[in-house]
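One chain, chain A, appears in both complexes that follow, with chain B as partner in the first and chain C in the second.
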Partner chain A sequence: MSTLVNRRARFTPYMLLIPATAVLLVVIGWPLIQLFIISFQEFGRAQVFGAPAPFIGFENYTKVLGDPAFWNVMVRSILFCLVNVVVTMVGGTLIALLMTKVNRFFRLLLSVGLLLAWAMPALTATIVWGWMFDTSYGVVNYALTNFFGLDFHAHSWLINPLSFFFVATVIVVWGAIPFVAFTVYAGLTQIPDEVMEAAQLDGARSTQRFRLIVFPYLKSIFLVVTILQVIWDLRVFTQIYALQGIGGIREQTSTLGVYIYQVALGSGEYGIGGAIAVITVFFMMAISLYYVRQSLKEEQL
Partner chain B sequence: MRKLSFVALAAAAAITLAGCAGGGTKTPAADDGPADIRVWLVGTDTPQDARDYLKTTFEKENPGSTLTIEEQSWTGLVDKLTTSLSGSDSPDVVEVGNTQAAAFTSSGAFLDLTDQYKALGGDDLLPGFVEAGSYDGKFYAAPLYSGSRLVFYKKDALAASGLTVPTTLAQYISNAEKLAADNPGKSGLWWPGQDWYNALPFIWENGGEIATFKDGTWASQFSSAGSIKGLEQVQELMTKASTAPKDGNETNPQVGFCEGTTLQLSAPSWVKWSILAAADAETPGCPDQESNLGVYALPGADGGAGQVFAGGSNIAVSAKSAHPGLAVKALKIILSDGFQTIYGKNGLVPAKVSLASTLGTDEVAKAISSAAGNARLTPASPKWADVEASGALTDFFVQIAQGGDIPSLAKALDAKIDGILNG
Partner chain C sequence: MTTATVRARIPHRKRSVRRRVSSIVLSVIAVIVFVCAAFPVYWMLQTSFQPNNEIIGSQVNFWPKTFTFRNYETVLFATDRAQFLPALGNSVIVTVLTVVIALIFAFLASLAVTRFRFRSRKSFILTILIVQMIPGEAMIVSTYRVLDDWALLNTIAGLTLVYVATVLPFTIWTLRGFVNGVPVDLEEAGMIDGLSRTGAFWKITFPLLAPGLVATGVFGFIQAWNEFLLALVVMSRPEMMTLPVWLRTFQVAHGTTNWAAIMAGSTLMSIPVIIFFLVIQGRMTQGLVSGAVKG
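Presenting the complex of A and B:
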């Protein structure tokens, strides 16, 4: 009797996983297979409307890998991603630490502010930020010129690629910090007070306490959040795409997500766009696998 | 326990996802019973009167059927049409920019309307737009309207600088620069960097071309001697006469005009209605400026009307329309004299040559007809829409507006356009 219950209990989790797996296979797996097939085909706008799509082997891939524009985009995306992940993680963690220190009222105020920033759709946020940084009528130029005496009259924030990515970073980080802050704050509340108290009595300074106690406790949380941030920031689309519509030079500001869109949907080169997307998928999988393996290794120690 | 709750969460997520996915399916109805016809119009160019006329006439002529107008935006239109026209939930009748039409006529996205050509207006339809809507000897997309680009100006500003309406391109340039010099901080000619349509006349008037077709290959011509000369004039105007954002786009030109910082601007004819919109409208204008608002057609290098870009739209029936019969009926109403007259009255050139008189006889109408007489199109390649969508042209002119080196930028642009047109 008991073995039967055990066996049933053993299978229950897998039974419950079936619907999720099935949906994932249909919603993500099938398009992924399609993408993979298209990346080996000559697939333009005529093929979308039913013309036959011939297989052309690795031609799309050699075209992409031989195109300096692709490598520029790749390097740009990685740099943008690194800066954003670092700023987001540091900012988010600092806000989480702040939330443990302030009283209930301010904690609530902070939470509400973070939630509102988080709830704002990326497109809406980008357009509003775009207005603030507007060349002719933006509040940022107005404030810098009138309150700080700097000459920012009709200053274009987006025309210089570095300045463009500064604005993009502000928007992306602003939108991503709430997730990091809430997750890290949730982790911080789990650290036993006794341990922190003991460390304090032993004379550990606050930086030492963070480095030697808080960080090891929250290591797995930091790992997961960082991987998620890397993936999100590497494939960032909405903010860059909307900003490019407001100003700036596309060729100098495209990141991977936007570049795939421009090649595939903008120029009607679905095959080549597919190849870039497949390369991106493998690149992101490699990053994730590396981190997962690192964390597994450490768990075994 | 922890593991189990995670599994439960996953199952719940799966059910929610499945719930979302189930909503969108639709069974195709049999043709030409009472049905709802979806018409995609792009931008705000088509006046509300015309929209109402289309809906009421269609629903009166086809009892039981309804017609829904869905407004789309010009930004990203080519990709939006590509995905929606190829899907199972395709709109029935769609407007498309005349320079974008070839991308769809050549790929089988539109219903073949060759046998409807006579019924839709025949040889009375605007010839350049019929050409834009035809492919391989078949007729796919009818003309919808044409809009010339005109120059709007403030009469008092021009008079204050002692200037008159220019009669040559050179005078147009010197006028704009004088206005800017006399009014520091204001635009003698408002020209945001992304607005490449306005640069084309300078290229054409100096003997340049966008691209030429020879022996089966396209050759982009931005770095030819004539084009370079025109681009130098463009750069001069953008840097010396305009205070518009160097990387801005041409939407909402009425803002600067109403605010008083824009003294001249070149824009499609319907911008007149944006400028004169009520002060409390959703996109407010300044109707009090009506008596101060002057308009003229861009002059050519040797006088007369310049060769401007013939902007406008075509309209077609989706090949995947579930109700092609009803869709064609709606198309016939759109090309009827009643509907097209509304365009004429609102300053857009109607799709039929015989209705040109509906434009009236005021200053705008005169400017429109002299501009339309010399209007030109972008290269007639199915891939031209891809050139526009790639953003290469807007990037190029933003860099020109910044004062970039014209010959090297033009050469790079030529290489890029050649790659797309011949790819």
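Presenting the complex of A and C:
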């Protein structure tokens, strides 16, 4: 009888994994294989309607890598990501430090504000910010003109690419700071008071205290949060796509995700879109590798 | 010379004045940060309650001069554009199905990886972590083609399937943490008291997991409710749109003409998320960085 139980127990974990594994294989695994295949095929509008899709080797890849438009998108995405990650990390950390310095009432006030910003769906957030930055009736132009005496009457924020990305940065950073602030704050509260007091007694200035105590203590938090921000900001789609819909020149403002969408589903160039997507997957995986390793290490499987 | 010795020479009263000044400055900064964070949400709400002709004047109202529910009526019942109520229906069905299915599947998987030791356990967890990192933006190219082959474009089943796969890795990862948090000793104690292994699990461990299941479910709800890109790709037909796709279409169609109605639509879409978010806020940070905080 005991062998029967054992044999059953041996198969139980596999049975439990079947549903999840099946879904992932069908919805992630199979399309991933298809993505690789399409990226080596000539696959355009004709193929969608049933024409055979011949294999053309690396032609899609050479086409993509030789296209200045692709490199523009790539450089733009990386720059946008870097700026957003730096602003988010610095802003979030400063707000976290602020939360440790103010009394309970102001801390609650900060938390409520941050939670509201965090909870807003990316799409509605983008539309609301788009309305606030509206050329004719936006509150931003109104405030800058009437309260600060600047000439922003009927100023268009989205036509100029640099200004477009300024607005995009405001939206992304606004939505991302709460996560960073709460996480760093949670880390800060775990630093033992004695350590900070000892440093204060030893005469460490506040910048020194941050550099010599807070930063080493929170190093792993900073690393994980920064990597998550890099991944999220490189993958930004909703904010850019929706902002382009409000006003903005597609060719000059697309980031990687939006570009893949435009090439594949917009122009029907699935083969070329596939090649861009494969390059993106490898690029992202290389960046994520560190995060995966860190997660595994800390979980001590 | 160190600051401590300098500070020691400053008379006591002067120091406390300086501390009070800096605490006032920090409080003021806190208020400014609060205003910056909350203002867009406020602006969305207050615009949505104003008549459209009053928000497109030369004056900007910081509080509604005339208070109206007209915009909500337009959004809910105007029939000229893709309609709100069918989109709401689609969103609710897809989201609820996604959460229920993902929770059940993830729950089973998390039991396997926490309560059993088997050969491919580590590689399964590793796969989950890697799958989570595959960018969905890159996958749309083939996801669209594959769903088209299976005649699942513009169907609830198709979008639900894609969403379940999207939220599964995170759901398994988080639930695994919650199941790990309940010591096996408790179950073993139950088994000594005469319960079967399964009985011990359902009577002892499962009730302790309930909060974890709720938190994870809510997180899945928010993700599925907000998801825009896949919905845009899979649900292109007007009658199959989910709320985000509907809102985008509504916004593009009305452009600069009816911002008040667009804000009303945005409000209707955001409110469930904001409420759910406040419910689980504490667990959110915990779940995401539980590993990192331990350091």
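Throughout what follows, the second predicted complex is superposed on the first by the 249 of 301 C-alpha atoms of A that agree within 3 Å, B and C clash if a C-alpha of one lies under 4 Å from a C-alpha of the other, contacts with A are read in each partner's own complex, and residues count from 1 in each chain.
The rule we apply is simple: a residue touches a chain if its C-beta (ideal position, glycine included) is under 8 Å from a C-beta of that chain, and two chains touch if they have at least 3 such contacts.
For clarity, every value in this text was computed on a predicted model and none was experimentally measured.
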First (chain B), second (chain C), both or neither touched by A:Ser136: both
Partner chain(s) touched by A:Val112 [first = chain B, second = chain C, both, neither]: second
Touching partner for A:Phe152 - first (chain B), second (chain C), both, neither: neither
Partner chain in contact with A:Phe210 - chain B first, chain C second, else both or neither: neither
Partner chain(s) touched by A:Trp232 [first = chain B, second = chain C, both, neither]: neither
Chain B versus chain C as contact partner of A:Val27, first or second or both or neither: both
Touching partner for A:Gly50 - first (chain B), second (chain C), both, neither: first
Which of chain B and chain C A:Phe166 touches, first, second, both or neither: neither
More chain A residues in contact [chain B versus chain C]: C
First, second, both or neither for A:Leu296, with chain B first and chain C second: second
Chain A positions touched by chain B in one structure and by chain C in the second: 12-13, 16-17, 19-21, 23-24, 26-27, 136, 245-246, 261, 265
Complex contacts: residues of chain C adjacent to chain A: 2-5, 23, 26-27, 29-31, 33-38, 40-41, 43-44, 47, 55-57, 60, 104-106, 108-109, 111-113, 116, 118, 121-122, 124-127, 129-131, 133-146, 161-162, 164-165, 168-169, 172, 225-226, 228-229, 233, 244, 247-248, 251-252, 256, 259, 262-263, 266, 269-270, 273-274, 277-278, 281, 285-286, 288-289, 291-295
Residue numbers on chain A that touch chain B, as the complex places them: 12-13, 16-17, 19-24, 26-27, 44-46, 48-51, 135-136, 154, 156, 158-159, 244-252, 261-262, 265-269
Contact set on chain A toward chain C in their complex: 9-10, 12-14, 16-17, 19-21, 23-24, 26-28, 30-32, 34-35, 38, 95, 98, 101-103, 106-107, 109-110, 112-125, 127-129, 131-132, 134, 136-137, 139, 142-143, 174, 177-179, 182-183, 186-187, 190, 200-205, 217-221, 223-225, 228, 231, 235, 237-238, 241-242, 245-246, 256-257, 260-261, 264-265, 270, 273-274, 276-278, 280-281, 284-285, 288, 291-292, 294-296, 298-299, 301
In the complex, chain B residues that touch chain A: 3-4, 7-8, 10-11, 13-15, 17-18, 21, 75, 78-79, 82-83, 85-86, 103-104, 106-109, 194, 243-249, 256, 319, 383, 385-386, 389-392, 394-395, 398-399, 402, 420, 423
